[in-house]
Amino acid sequence: MNTDLYKILEDVRDKKISVKEAELLIKKEPYADIDFAKIDLQRKDRQGVGEVIYGAGKTPERIIAIVKRMQESSDDGILITRLSKEKAEIVSKELDDLFYHEESMIGIVGEKRKADGTGTVVVVTGGTSDIPVAEEAALTAEFLGNKVDRIYDVGVAGIHRLFSAMDRLMDASVIIAIAGMEGALASVVGGLVSAPVIAVPTSVGYGASFEGLSALLSMLNSCAAGVSVVNIDNGFGAGFYASLINHMGESK
Amino acid sequence: MNTDLYKILEDVRDKKISVKEAELLIKKEPYADIDFAKIDLQRKDRQGVGEVIYGAGKTPERIIAIVKRMQESSDDGILITRLSKEKAEIVSKELDDLFYHEESMIGIVGEKRKADGTGTVVVVTGGTSDIPVAEEAALTAEFLGNKVDRIYDVGVAGIHRLFSAMDRLMDASVIIAIAGMEGALASVVGGLVSAPVIAVPTSVGYGASFEGLSALLSMLNSCAAGVSVVNIDNGFGAGFYASLINHMGESK
Amino acid sequence: MNTDLYKILEDVRDKKISVKEAELLIKKEPYADIDFAKIDLQRKDRQGVGEVIYGAGKTPERIIAIVKRMQESSDDGILITRLSKEKAEIVSKELDDLFYHEESMIGIVGEKRKADGTGTVVVVTGGTSDIPVAEEAALTAEFLGNKVDRIYDVGVAGIHRLFSAMDRLMDASVIIAIAGMEGALASVVGGLVSAPVIAVPTSVGYGASFEGLSALLSMLNSCAAGVSVVNIDNGFGAGFYASLINHMGESK
Amino acid sequence: MNTDLYKILEDVRDKKISVKEAELLIKKEPYADIDFAKIDLQRKDRQGVGEVIYGAGKTPERIIAIVKRMQESSDDGILITRLSKEKAEIVSKELDDLFYHEESMIGIVGEKRKADGTGTVVVVTGGTSDIPVAEEAALTAEFLGNKVDRIYDVGVAGIHRLFSAMDRLMDASVIIAIAGMEGALASVVGGLVSAPVIAVPTSVGYGASFEGLSALLSMLNSCAAGVSVVNIDNGFGAGFYASLINHMGESK
Amino acid sequence: MNTDLYKILEDVRDKKISVKEAELLIKKEPYADIDFAKIDLQRKDRQGVGEVIYGAGKTPERIIAIVKRMQESSDDGILITRLSKEKAEIVSKELDDLFYHEESMIGIVGEKRKADGTGTVVVVTGGTSDIPVAEEAALTAEFLGNKVDRIYDVGVAGIHRLFSAMDRLMDASVIIAIAGMEGALASVVGGLVSAPVIAVPTSVGYGASFEGLSALLSMLNSCAAGVSVVNIDNGFGAGFYASLINHMGESK
Amino acid sequence: MNTDLYKILEDVRDKKISVKEAELLIKKEPYADIDFAKIDLQRKDRQGVGEVIYGAGKTPERIIAIVKRMQESSDDGILITRLSKEKAEIVSKELDDLFYHEESMIGIVGEKRKADGTGTVVVVTGGTSDIPVAEEAALTAEFLGNKVDRIYDVGVAGIHRLFSAMDRLMDASVIIAIAGMEGALASVVGGLVSAPVIAVPTSVGYGASFEGLSALLSMLNSCAAGVSVVNIDNGFGAGFYASLINHMGESK
Amino acid sequence: MNTDLYKILEDVRDKKISVKEAELLIKKEPYADIDFAKIDLQRKDRQGVGEVIYGAGKTPERIIAIVKRMQESSDDGILITRLSKEKAEIVSKELDDLFYHEESMIGIVGEKRKADGTGTVVVVTGGTSDIPVAEEAALTAEFLGNKVDRIYDVGVAGIHRLFSAMDRLMDASVIIAIAGMEGALASVVGGLVSAPVIAVPTSVGYGASFEGLSALLSMLNSCAAGVSVVNIDNGFGAGFYASLINHMGESK
Amino acid sequence: MNTDLYKILEDVRDKKISVKEAELLIKKEPYADIDFAKIDLQRKDRQGVGEVIYGAGKTPERIIAIVKRMQESSDDGILITRLSKEKAEIVSKELDDLFYHEESMIGIVGEKRKADGTGTVVVVTGGTSDIPVAEEAALTAEFLGNKVDRIYDVGVAGIHRLFSAMDRLMDASVIIAIAGMEGALASVVGGLVSAPVIAVPTSVGYGASFEGLSALLSMLNSCAAGVSVVNIDNGFGAGFYASLINHMGESK
C-alpha cells in the first residue's frame, strides 16, 4: 500500500534489482503466516498500534503461538482481549510476564505505551454491573498510551451523582460512556460536554433489554449530536477509538 | 357485575318479580347495541369515566351515530381521539358544539369535567415534535377533570432546560414524560421526583428509532423505579392513567 | 436539588459560613462513595424510599458492604432484589437479620415499613408459573408499607376463576396484573375495574412467547385504558409503582 | 393423484387404450393452463371446494380471464378475495352477475353453496375496526355452505358484552375470533367454549401493535388449548378452515 | 356459566332454597383452590376434557398434589405435559400407575379415553428430529380418544417419501403436520388433502431458523387454505385441537 | 488486478516505457469517472459481463449519462434494472434503441449476448404475483447469453402442477425458484432435481409474510442441500448468478 | 453549569449582589423560551457550536421564528437539517440569505465558519444513492469549519475504485464512510487507514436491507477497530462528530 | 419420478408383468424404511450424491443403524455432519473405518469420491474463528470429489492479506466465502473474481452480531452480483452447492 512503488521501479530500470525481485517486492506479504493465522506485522506502521489478539474462540496454544511470533518482530507490548481466566492460567505458564485483569478479561504481555495522548480519556458507567466493559475500555486506552479517569456508577436515575463529577467530565479529551438498560447516560453526557463521546451499550439488564439491544438503539438515537456508538459490550473498540482521537494532534 | 344480586333474589322470593324477569335482570345487556357497535353505557359507573370514542378506523357517520346514542343516556362530555381533520369537519356539521384540536386530533363534544383531581398533572416532552402526543395526553387529562401543567422541549441533550423546570416537576402529582428517539427523559425525570411517572414513547425520529421501538425499549428499561409505560404515541392512555392516579384520594 | 439554596446564600451574606463552605454545601455529594459504588443517601428524602439494592451482578461481598454503609446512615429496612440462594447464604452469615424468600429471590434486612398506604394492592397472576414475579411485587409492596392481597392462577382461559375474585378486585386501590404467554389478563382486569392496573409481562412460556415479548406487546396494546406496563419480569418495579400510587394521598 | 391407476393399467393390458394414451392419462395436467396462470380444475374433487381467486396482485383482465376459463369447466360459484373497488368495477362490466362487498373486498360470481354445514359458524370481533376482516371470513364461510352468526365489537376490555352473547357462542359449531391490538379475545373465548376456535389477528392498532404482530404472538401463546391461528388479516383462510371443520360429518 | 339459572330462581321462588343459598350457588367457585393453584373441575363439562397439567415450571410435589385433588373429583385419566425425566421419577413414586414417555415428556395417570373419534388423526413430520413434538401430539390425541396414524420423516426435500403415504393421508380425518427449518410440509400436505391441517412449527434447526421462527412464519403464510397453526413445539395444542375436530359429529 | 505486472516491469527494465509511465499503468484507474459516478470499464474482463445499471435512486439524466459513457468504451448491450415506467419514457427519448419491459422494470440498450450457455436456465414461480421478479431474472439471464425456460404459477399448494413440468425441471442446467409467502417451492424443487437451485424470496403476501422475510427465512432453512439464496425480490442477482453457473464450462 | 459559582458567592458575601440576585443568577435559564420551543443559547460556549435546527416535524413558521430569535443573540450562521424543498421555499421568503441544497435538504442561514480544523474530513460513499446523506455530512462539516474531500461511489464490489483514492484516504484527519446495503465500506476503509472512521449506514437498498438495518449491524460488527457508528442516514451527526475530532488540537 | 413409465406400460401391454405388479412398480417406495427414519436410496441417481446424515438430534445408535442400512445398498462413502465428539466415539466403536474431524464435527465412513470436479473450490474465511465452518465446507467438498484450496484468516480489516492470495482466488472454479461479524468478505471477493461465490455467514461475534444475523443480512445485501447465500454456519450446504457447480460440465 505505502510501498515506495516509484523507488522499486527505478531500481528495476537501473537493474539494481531483477524484474522477479521487483514483482516479489510489490506483491510480498506484509504479514506472518503461521499455519492457522495471518499476523499483520505492519499494522503498527499503518494504524499506529500493533496487532491485538481477540482471545475468544482461540485456544491458549494458538494465543501463545501468535504472541511468540509477534515478539520475534517487535518489542512492543501485546494486548489480549476476552481472555478467560482458564485460558489466562495456561497462557501465563508459557508467558510469565503476562499481566491479567480478571473482571475485564484483559491480558497484556510486555509494556504498555507511556501515556502520551493529548488529554484525558474519561470512562463513565451507568451502574456497577457495567464495570467489566468499562475496565476493558480503560485498560485498552491505558495500554495504547492514554491517561484514563474512571467515573463509575453515575447513571441517570440519580443524576446528581453525575453532576458531582462535572469538573472531571469537563476536563476530558474524549469520553467513553458505558451503560446498559436504557442507555440514557450517553445522551445526557453528550449534551453536557464538548468532547466527543463514544457510547458503549452493555448487555446488562433483563427482559426488554434484549441483551443490549435496548441500550444500543437508545444510544444510536441520542438526541445529543457529539455521540457515536460501538458494538454492545465492545469496551476494547471504545478504548481503541478514544486513543485514536486522543492522539489526533500527533504528526502522522 | 355490580348488579345487586341479593336484592333481585329477594324480589323473586317475595314474588315481586317473576323468575323470568329476574333472569332477564341478571342477564340483561348493560350496553346499547347500535348495529355495528356495542356502546358501554355503564363504564362511567364501573370506571369513573364515560365511553371514549377511538376515531381512527371509524367513518364520520358512525362516530356521529355513536355520539348521538351516548347523548341519549347521559349529559356528560364525550371525548373523541385520533379524529382526523377531514372527519372532524364532517362531524362538526352534525354536532355543532364539537371542540376540535387539530395538532392532537382530539375532539370533545360537550363539557369537560371540572378540574377536581388531587394535584397537578405535569406533561413534559423531549422535543417540539412530541407536542401532538403531549397535547393528546394533556387534553385528555383536562377532559377528565385534572389541572395540567405543560413543560415542552426539555430533552436530556440540554438537561439544564429540564432543571429550570425543577420546581414545577417537584409540585406534580403525576408526571407524563413523552419522548421519541432515545427516550431518556423518562429515566432522568423518574430519578428526580417522587411522583409516579407515566412514560409515552413517540414515533418521532428516523433510522434506528424504528417507529418508536427505540424509545419504547429505553423506557421499559428505565433504571429509575417509579416509571411505567404505555403504547407508542398513546397520549390518550397516559392522560387517562394520570387521571386515575390523580383521583386516587376520592371515595369510590 | 432540594437544598435550601436561599438559606445558604443568607448564611454567606451574614458570614455565618465562608464562601468556601457554601460552595462545598452546594456542591457536596449527596451520596456515599464506597470505591465501586455510589450510594444514594438522599433518595428517601427525594423519593420517599431508601436505596434498594439490585442483587444481580453484584458479589455478596459488595452487597454486604453496601448494606453496612447504608446502615451507618439510617435505621430503615433495606430491600435486596434478585438475590440468588447462593448469595443469600453468604450474605446471611454477615447480616444475621436477613429475611430471605427463595422463590422471589427477595432479601430484606431490617424492618418493613408498616402498612400505611391508602388501600390495598391486589396482585393477580395468570398462572402458577408467574408466582416468583408476583411475590417479588408483593413483597416489595409490603416492604414499602402496603397491604397486599394475592390472587394467583386466575388466567383468562378459565375466566370464571377470575370472576370469583371480583369483590377483591373491586376493593383494590391498585392492581398488579402479572401474566406470561398471551398476557390477556391485564386487558380483562383493566376492563373490569376502575383502579389503575400495572401490567407485568413474564418470560413464562415457550416458542412464540419469545422470552416475554408476546406478553409485553399484548399488554402495551391493551384495549383497556387504565393499564400501564413495566419491564418483563419486573416484579420489583410494579410493587414500587403500586406503592407510589397507593400513597398518593400523603402529604409530601 | 387419485386417478384410478389400476383402471388405466387394466385398460392397457386389455388394449382398450394404447401405451401412449395411458402414459398421457397418467401424466396429463389436471389444470387449465391459460398463459399466465395454471387453474386447478380438480381442486373441488380433491378439497371439496373450487378454485378461489386471490385478487390482490392480479389485473382485472386476468381475473376476468380466469373466471371465464373456470366457468367453462363448472357451474359452481367463484369467490374472489382482496378485490379492490376499482378492480371490481372493471370486472363487473364483463361479469354482470358479480356480487361485490366493498368493506371486505369480497367478490362472488354465481351462486353460493347452500348452507349444508353441520352447525353454525360464529364470527366474533374485538372491535368495530376488525369488521372488514370479519366480513371476509363470514362471506367466505357463507359462500362455502355454512350458516354464519356475527357477533361484533365484544372485546375483552368490556367483557360483559361478550358474556351477553354467551348462548350464541355456546351454540357454535366453530368460532372465528378476530381481534387486533392485544388479541386477548381468542384466549377468553377459547376458555369459555368447547368448540374449536380459529383466531385471526388483525393489523388494527398502532405503535407496538407492529401491524398485527402483537395480536399474532398473543394468539399463538393462547393459554386456552382449543385455539389455532391463521395469518394476520386472513379472514378468507379462517372462513375456509371453519367450513372444513363444519363439514366434518360429511361422507368424503 | 352453564349453571341452570332458571332452575335456581324457581327454587328460590318456591322457597326450596334460601336467597343466601341461591346467591352462593350462583357465585360458588367451580374449581378447587389448593393453595398455589386453582383447579378447574368443570372443564370436562365445559370443554369435553378434564384438566391437563402443564408440567414445566411446577415442582413434582405440586404436580402430585394437583393430581390427587383431581382424582378426588373424577376417575378420568390425567395428562401431564412437559414432564421432565427427573420429575417423572419423583412423581411415579407417589403415583404408581403413571405412564411416562420420555422422548415426548408426556405422563398419563389413569386410563386414556377409548378411541371414539370420527376418523383417524394422522401425524406427519418433516424429519426425525421432530419426533418428540410429534409424539406429544400423538399421545395427546390418543389420550383424548382418537385413533392416530404416525408418518414420520417425510419432509419435502424427498417428496416421494410423502407420496408413498398418500393413501394414509387421504384417509385422515385431521392431519397434524410437524416440521422445523422451512416448515414447507404443511403447505404441501395442505394442498394435497381435503382434511383440515394443523401445522406445528418446531424449534429444530440452527442459524436462520431462529428457534422455530422460520417454520412458524412459513406455516402462517401457507398458500394452501386449509392450514391453521399453533405455537412452536406445541404438540399438545395440536393433539388437543385435532381431537376437538375429530369429535365434531358428537352430540354436545 | 489482473494487469500483467511482470510485463510492465520487463518494459521498464527494457526502457520501452518510463518509470513514470509504469507507475501510471499500475495505478491508473480502471474506470471512468463522470462526476457523480465511477463506471467500472473492466468489469467485463474481470467478471465476464459489462457494467449493469441499477436504475432505482438514479435520475433519468444520470442513467443516460452513464449509458453514453459506457457506449464510448464498448459496443456491448447494457442492462438497466429497476427502471420505472416514468424514467423509461424519459430515457427512451435520448436512447431510441431502448427495449423496455414494464412488468419487470428491465431496460436493455443494444443487443443481448447470444445464448451460448451450456444448458437451460429454468425459472419457476410459486404464483402469478411473482412474475415481475421472475421476468427480471429471466430477462437478465437472456441478456447474459442463456436459454431460458419459464414455468410460472406452480406453487406447492397444488403440487401436481409442478410435477407436470418435471421433465423441463430435469433438463435444467440451473433452476431459479421464485416464491413469496411460505417459500416452500425452493425446498421441493431442490429435493427433486440435481441442478443447483437459486432461490429468490419475494415480497408478495401480507401479514406475517413481513415483506418477504417469511420466504427468505424459509429458503435459507431449506432442508434440500442444493439451494442457495439471494436477496428478497432480487431477480437480477438470480439471473446473473445462474448465468455464471451456466457458463462454467467456458475457458476463462 | 460552568457558571462561576465561587464568583457569585463572593459577590454575595461582599454584598455586591443581593441574595435574591444570586439565587436568580444561579437558577436563571440559559435558554430562550419562545412558546413552543426552548432555544439553547449557551450551547456554543458549552459545545463549540451554536444551536442546529432539526427541520423535520417543524412548520416553516416555527423554523423562521427560531432562526429570528437566535439571530437576536448571535451573528453566527445557523444550520437547518432535513429541510424539505417545500419548507425551504417558504422559509427563504422570510430569510433571504438562506442557502439551500436540495439533495441533502440542508439549509444554511448566514456564514459558515472558516475551515480552521486540523486536517481534512474525507467523505466516502459506497454508491451514488448514498450521496444525499453524504452531502448532509459534508455540508455540516464545512459549516462547522472543516475542509472536506468527497470521494463518492467507491463501494467494495469494485474495490480498485477505492484504492485509486488511497492517497486521499491516507491524508484524512477523519473519515466518514457512508454505505447502505451490506455496509462493508466502513470495515475495509477502517482496516486501511489510521484515522478514526465514522460509519453512517444508509437506508438505501431493498428487501433484506430492512431500511438500513443490514448496514447498521454490519458497521457495528466491523472487524476493524477504528470505526464508530451513528444512526441510519444521520449525515448531520457524522459531520458534527468529525468536526469535533478535527478540532481536537484547539485550546478549549 | 424418473422411473421408466413407458417401459412399464409396454410390459403390461405385453403381459410381461401383471397389472398389480405394474402398479407396485410405479408406487413402490424408493427408500428404506427403518422404523424411525426413511432412508432415500435413490438420491444418488437423482442428485449425484448419496444420502448424507445430519448428526445433530440423532442418537449414536440411530446413526449407526442408518449407516448400516445404507451400506447394504451401496459401497459409497457416507458423510455425517454435526457429529459431536461424544457421539463420534460411540459410533467409531461400531464403525471402525470412521474418519472423524473434531473441529468441523465431520465424520466420514468409507471412501471419499476422487477429485473429479472441473476446477478448484477455494474456501476463504475472514478470521480464525470461522475455521470450524470452513472445514465443514472443505471436507464436504472433498468428500464429494472436489479439489479444495483453503485460504483462512484474510478478513477485510487487513485487506492486503486477501490480495496476497489473489492468484489463488483468480484460479478458483467456485469460491466459498465464510465470515461472521460484518460479513464483508463475500462482497469484496465477489467484486474481485468472476467465479460464483457462495457466502456462508457464521455465528462468530458478540453483541449486535445477533448470532450471525448481522453477517447474514450483510451477505444477502452484497452489492457484488455473483454472490448467493446459505444458512448461518451451514458449511455443509456451501460445500455441497460448490460441488454441484464444480461438476456442471459432467454429462448428467
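We call the chains A, B, C, D, E, F, G and H, going by the order they appear; numbering starts again at 1 in every chain.
Convention: a contact is a pair of C-beta atoms (placed from the backbone, for glycine too) under 8 Å apart; a residue touches a chain by one contact, two chains touch by 3 or more.
No experiment lies behind these values; they were computed from the predicted model shown.
Listed by label, the chains touching subunit F and subunit H alike are A, D, E, G. Among the remaining chains, G is positioned farthest from subunit E, on the basis of C-alpha centroids.
Looking at G-H and A-C side by side, the one with more C-beta contacts is G-H. Put simply, the C-alpha centre of subunit A and that of subunit D have 59 angstrom between them. Distance from the subunit D centre to the subunit G centre is 54 Å, each centre being the mean of its Cα atoms.
Centre-to-centre separation of subunit A and subunit F, using mean CA positions: 41 Å. Residues of subunit D in contact with at least two other chains: 1, 27, 158, 192, 207-209, 213, 216, 220-221, 225, 231-232.
All chain pairs that count as touching, in label order, are A-B, A-C, A-F, A-G, A-H, B-C, B-D, B-E, B-G, C-D, C-E, C-G, D-E, D-F, D-H, E-F, E-H, F-G, F-H, G-H.
Those residues of subunit A that touch subunit F in the complex are listed here as 5-6, 9-10, 12-13, 15, 19, 22-23, 26-27. Interface of subunit F with subunit D (complex): residues 128-129, 131, 152-154, 158, 160-161, 164, 204, 206-209.
Residue ranges of subunit G in contact with subunit H, taken from their complex: 126-127, 155-159, 180-184, 186-188, 190-192, 205, 207-210, 213-215, 217-225. Here subunit G touches subunit A in the complex through residues 1-2, 46-48, 52, 118, 166, 170, 173, 192-196, 198, 216, 220-221, 225-232, 236-237, 240-241, 244-246, 248-249, 252, going by the rule given at the top.
Partner subunit D is touched in their complex by these residues of subunit B: 1, 27, 29-31, 36-38, 40, 43, 56-58, 62, 201, 203, 211-213, 216, 231-234.
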